[in-house]
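Structure record follows, encoded as structure tokens.
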């Protein structure tokens, strides 16, 4: 495949409202794309569509070589989506959550403690999620996604609600992904933080990509 | 009279077809009532009666006239729900909006006829068996459960506004409901091993010619009524679907128009919110 | 298979921590038994004869709550999406959740079984039949319930529709389980094993239907 992401004229409905109104986008493998735009522009829906979660009303999309419309399960297995909801079970501990999600993804042989250490959450491994702060939960959620070693990272406002240490963890994550040769798409309002890491910037508004530019300064591949 | 079949956009749901069906149904119904209540013989005595459905409480004699309504109405019920099952399969297999519309229409008309079946059966049964309801009668139980299943189906459809989601999910509910019917029938049958329902009249050779004719005529009349209701209901659903599709085009255009207005605000907004770290 | 067990264990572990079934649903089932006793105002002989039916009606009502709880565990944490994202096939997701619900239902039924012995003077004439019938019926209820539970996910209008969708479908299970228990508790002179066989068939039908349909229904959750 030549493009990690190839979207053409995608229309995605949220209960009859066209969140994406004919969006087209092409991203090469190994790139880091910042998706910016006003609230309600369709950034979250774009990421969800790329994750294979939102069905296409019209148009077509290929992610990592898989057709989003006909092979959504293969798409989902290959991507890692970090969304504002942490998707962790409140009554379970961090370690139990991690173990569960790893098993479901077929990666239960992975070293869970190492993954937790990478996000500085190792001391909290045996604490129930309900006792943790938003920032801590977000870091745990990052570990859950990182374990899957996805080839496409979809990060939806990853820095939101995090303190300085937490933001550094996110940046470290993005760098890890780049180093592993994955493709990264980050939807964010934190332009100053993400832009330096990015190779491209897409501006989304009104459900379509308004502009797409290459940013050389961010090509920090290791 | 508008001829909907020749215009691209249907403004009303009536047409030559429905006019013909409607008139034929009405006439047929009138004729049927004359036949069932005047011309055919009861089991014992003949009474002059008008065209009302309340049977004489003088024994089997006249109550049997209700059969000419009850039997066709029951048959139409099963046809309607079978149509729903077929439509549900088609929706899941081919994702067809046309079939979803048909399934929904069939369910609504089916529930109506099912209610009529239960009502006419109950009225018919009262003078003969001295009860409005008989637990354990196989067909009564099955029809009642069928009624409840499809009321649930219709209620469920109303909880969803996204037509694609609604089509798929109600197809699952409809299909499982349909699969259940033979199971329900068999389990009640084993449970009771007896039924108040008389054996199928059509197979009984000793039935009089006129009775047989009236019964078949009744079938035809109610099938016509069924078709008439289905066509109207289907068209209503189809109009709704077209409204949605047209609405979508407009919504897409409006959505994209947000772009130029929003785009100049976008970068400014993002820059300022980046400093505070919130959205 | 390990995914299915991981899913079920996850739900059971959450229940062990939150104790919703134990503290809310089991008492509710017992309340139903008591209410029946009060409402029917009957001597212990009649209640004993009615016990099979009352047991299963109480179980069905409790199962609606148990299934709603099973679904709520996911919607509270927005994890249905994460489950879909995990890439695990839908039938395994179904099997895991249905298994957890079935285990919880069996726990509820055990308490109810004690309840009818104490409150209705029931006696277990044929424990093997009772247990076999209960297990088969529970699989049927848990399977159909898990499927319909997902169908009923949503905010507001959709929450209250689960009983109306599930209970009419469960009618053959109710008839068969009551008859089987009638034989097993010695209150009816019939062949309970035939009915247990029907329950087994229903268990297979609903487990299959759930596994097949889950892929369709879990989208758009």
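As written, the chain order gives the labels A, B and C, with residue 1 at the start of each chain.
Methods note: contacts are C-beta pairs under 8 Å (C-beta built on N, C-alpha and C of every residue); 3 or more make two chains touch, one makes a residue touch a chain.
On a predicted model such as this, the values are computed, not experimentally measured, just so you know.
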Graph class of chain-chain contacts, one of line, ring, star, complete, other: complete
Longest centre-to-centre distance from chain C, chain (CA-based): A
Distance from chain C to chain B - Cα centre to Cα centre, in angstrom: 31
Chain centre separation in whole Å, for chain C relative to chain A (CA means): 38
Intercentroid distance (Cα basis), chain B paired with chain A, Å: 47
Set of chain C residues in contact with two or more other chains: 219-220
Where chain B touches two or more other chains, by residue: 162
For chain A, residues that touch 2 or more chains besides their own: 55
List of chain B residues in touch with chain A within their complex: 161-162, 164, 244, 247-248, 251-252, 255-260, 262-263, 265-267, 269-271, 273-274, 277-279
Chain B partner contacts - residues on chain C that touch it in the complex: 144, 147-148, 151, 154, 157-158, 161, 164-165, 168-169, 171-172, 175-176, 179, 194, 198, 202, 205, 209, 213, 216-217, 219-220
Chain C residues touching chain A - in the complex, by the definition given at the top: 2-3, 6-7, 10, 13-14, 17-18, 73, 76-79, 81-89, 219-220
Interfacial residue positions of chain B with respect to chain C in the complex: 92, 145, 148-149, 151-152, 155-156, 158-160, 162, 165, 168-169, 172-173, 176-177, 179-180, 183-184, 186-188, 190-191
Chain A residues within the chain C interface of the complex: 51-53, 55, 73-74, 76-79, 81, 83, 85-92, 96, 100-101, 103-106, 108, 128
